[in-house]
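Here come two complexes built around chain A, the first alongside chain B, the second alongside chain C.
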Partner chain A sequence: MSSPSRVDLLLDLADDELILGWRNSEWTGIAPFLEEDVAFSSIAQNEIGHARALYELAARELGTDADSVAFDRPVAEYRSAPLVELRRLEWARTIARHWLYETADAIRLETLKSSDDAELAGITAKIDREEVYHRIHAEMWVDRLLGSDEGRPRLEEALDELWPYALGVLDDELRPELVTRVEAKLGRPLPDADAVPRGEHETELAELLEEMTSVRRSAPAGARW
Partner chain B sequence: MSPDNACGDPTQALPTTDAVWGAFGEIPDPEIPVISIVDLGVVRDVRIEESCVHVEFTPTFMGCPALDMMRSQMEDAIRGLGGEPEVEVVLDDSWSTDRITAEGREKLRAAGFAPPTPRAPEPPTLLQLERGAFRCPWCNSTATRLENLFGPTPCRSLRYCDDCRQPFEQFKTI
Partner chain C sequence: MPPVYEVFRRERPGATMQHAGSIAAPDERFAEIYAREQYGRRGESDALWLVPRDAVQEIDDFVDEFDLKYRRVDGYSLKERLKEARELAGSSRRDEPGTP
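Our next item is the complex of A and B:
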């Protein structure tokens, strides 16, 4: 299997962070309680900040600007993993997705931080400093739900549903590490599953992009605000 | 010089690096105006190159909306000194909360923001954040507890002091 180009790798990361950032922001104003309203809004802001920096690197190679890369591509060209595209405004699924994504992302960042591409190593190390807090938050919630009679079955069901999607965040060679970490936390084997791969988009992505880019598309070219 | 060179007129007197640092020391952080961008440690280098004032700027938290404003304020300050700015955003891993100066940390505390704890070799854990000694900026007590890992901006957590019964914002360590 050939390795993806540098731009594709940057876009894998950037698209995941942008789309998940948008999904996280959907809890702004309606989370179960105020602390989580603040937390998911702040996490969304971080993820979109990471996406922006990664799009800037990609844009430099593509000879364009970050906003064009982020917002002007056709749906089929997005490289996001289907895990981040799903619209799941339900708490157990939100926590399941949050924790699965952060666990997978941590594995991916660990490998990229030691890249021989100094720029990629630097930016992923910087991103990882902030992701530490996302992981603490996700694990805190997993522990909290696993420790409750109502939460545990709901979280377990959500994790089983999203597991094939979680595998799709990572390349083949990193998936066994994700299995190890998730099984260690849950204390049970995960269902056998085929990964839902990157690029096989959920219908929710088109709806998300339609909404996300509506203002940009409505403005005349060159508008500034 | 060629007309498409972004830098200014080489015959004009250039500002000194000291003057540029001095002007940057007057630029407040747009979100926490009690400290300057120099206190914050985001200016990594100032060099006079040819007829440009070249600045290396390392962002703090990547989603911080104040970054664009800091950048344009640095450019304005350089122009105010008669220089032509060239601000390079360095997206590497060189900024951490340890770059905030001692003076900056005191200014934060005086304004009611608990400054970041020093960065340890290993990233923080929930146990440390819940049980560690975080000092209330109002009364100096360490009988404080974590209310929320996240706060009003990416750089802050929310804590509560059980002694003086005041909530406060704790700068995250990254």
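Our next item is the complex of A and C:
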């Protein structure tokens, strides 16, 4: 597997964060209880903030601006992992996706933070300082659901469903580490699965982009907000 | 109902902790994350205290059988005394000849 270009790498990260931020924001106003609504919405905003910072770096190389990169590409050019594209407005699946993503993202960020590319190392280190709290949030929810008779089977089922997608967040060489961390938490082996790789898109992505860009597309090109 | 935690917030080092609000959370781990998200993520706090409401000892019965207001640091109500003084002054003015 050839290594992706710098722009592609930035877009892998940025698209994951933007699309996951959008998906998580779908809970705003309808989360299970008020405090969680505030916290999960805040996490969603953080993810979109990370996306913005990464799009700005990518935009500089592409000679455009962050908004254009974020909103004006055709669906096929998005580099997000299918895991973040799925619409799963059910709490056990949301927590399963959140925790699987944060666990995979932590592994990815650990390698990027020690990159020779000082700018990339810097921005991923900065992002990771916020992701720490996302991981704490995800872990505490997983522990809570695993510790309850109703929560455990629902979370386990969601994790099994999403596992092939979780593998797809990472490149081949980082996947064994994800298996190790997830199995250690669950205390059981994971099902054998073929990763749903980055570059394939779920049908939900087109619907999401249609809605996400609707206001931007409603205004004449070059409109300033 | 989940337990309630009272949150105190300090705006900057050296300032006093002030009550910020309360949050409901199933346990201390949740309470910490929710407090961080609600009272700390915009840089508005440099420290937070989380106190389970059960740990707060509340006193709300104060005996004042003999109207001991003179012991209060703010003394008698100045507003009341001013009103009395104005009434006195008003009645004396009316007594003076030639005044409307």
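Going forward, the second predicted complex is superposed on the first by the 225 of 225 C-alpha atoms of A that agree within 3 Å, B and C clash if a C-alpha of one lies under 4 Å from a C-alpha of the other, contacts with A are read in each partner's own complex, and residues count from 1 in each chain.
As a working rule, a contact is a pair of C-beta atoms (placed from the backbone, for glycine too) under 8 Å apart; a residue touches a chain by one contact, two chains touch by 3 or more.
In this text the structure is predicted, and so the values were computed from the model without any measurement.
Touch criterion met: A:I136 reaches chain B and chain C at once.
Look at A:L178: by the touch rule set out above, it reaches neither chain B nor chain C. Once the two complexes are laid over each other on the shared chain, residue contacts for A:F33 go to chain C alone; chain B is not touched. Residue contacts after overlaying the shared chain place A:V69 against neither chain B nor chain C. By the touch criterion defined above, A:E119 reaches chain B but does not reach chain C.
Of the two partner chains, chain C is the only one that A:R144 touches; chain B does not reach it. Once the two complexes are overlaid on the shared chain, A:S42 sits against chain B and chain C alike. Touch counts on chain A: comparing chain C and chain B, the chain ahead is B. Once the two complexes are overlaid on the shared chain, A:L57 sits against chain B while remaining clear of chain C. In the superposed pair of complexes, A:L9 makes contact with neither chain B nor chain C. Chain A residues 35, 38-39, 42-43, 133, 136-137, 140 lie at the interface with chain B in one structure and with chain C in the other. By the touch criterion stated above, chain C contacts chain A in their complex at residues 2, 23-27, 29-30, 33-34, 36-38, 41. By the touch rule above, chain A contacts chain B in their complex via residues 35, 38-39, 41-43, 45-50, 52-53, 56-57, 118-119, 121-123, 125-127, 129-130, 132-133, 136-137, 139-140. Chain A meets chain C in the complex at residues 33-36, 38-39, 42-43, 133, 136-137, 140, 144. The touching residues of chain B, when paired with chain A in their complex, are 59, 61-64, 91-96, 123-126, 129, 147-154, 158, 172, 174.
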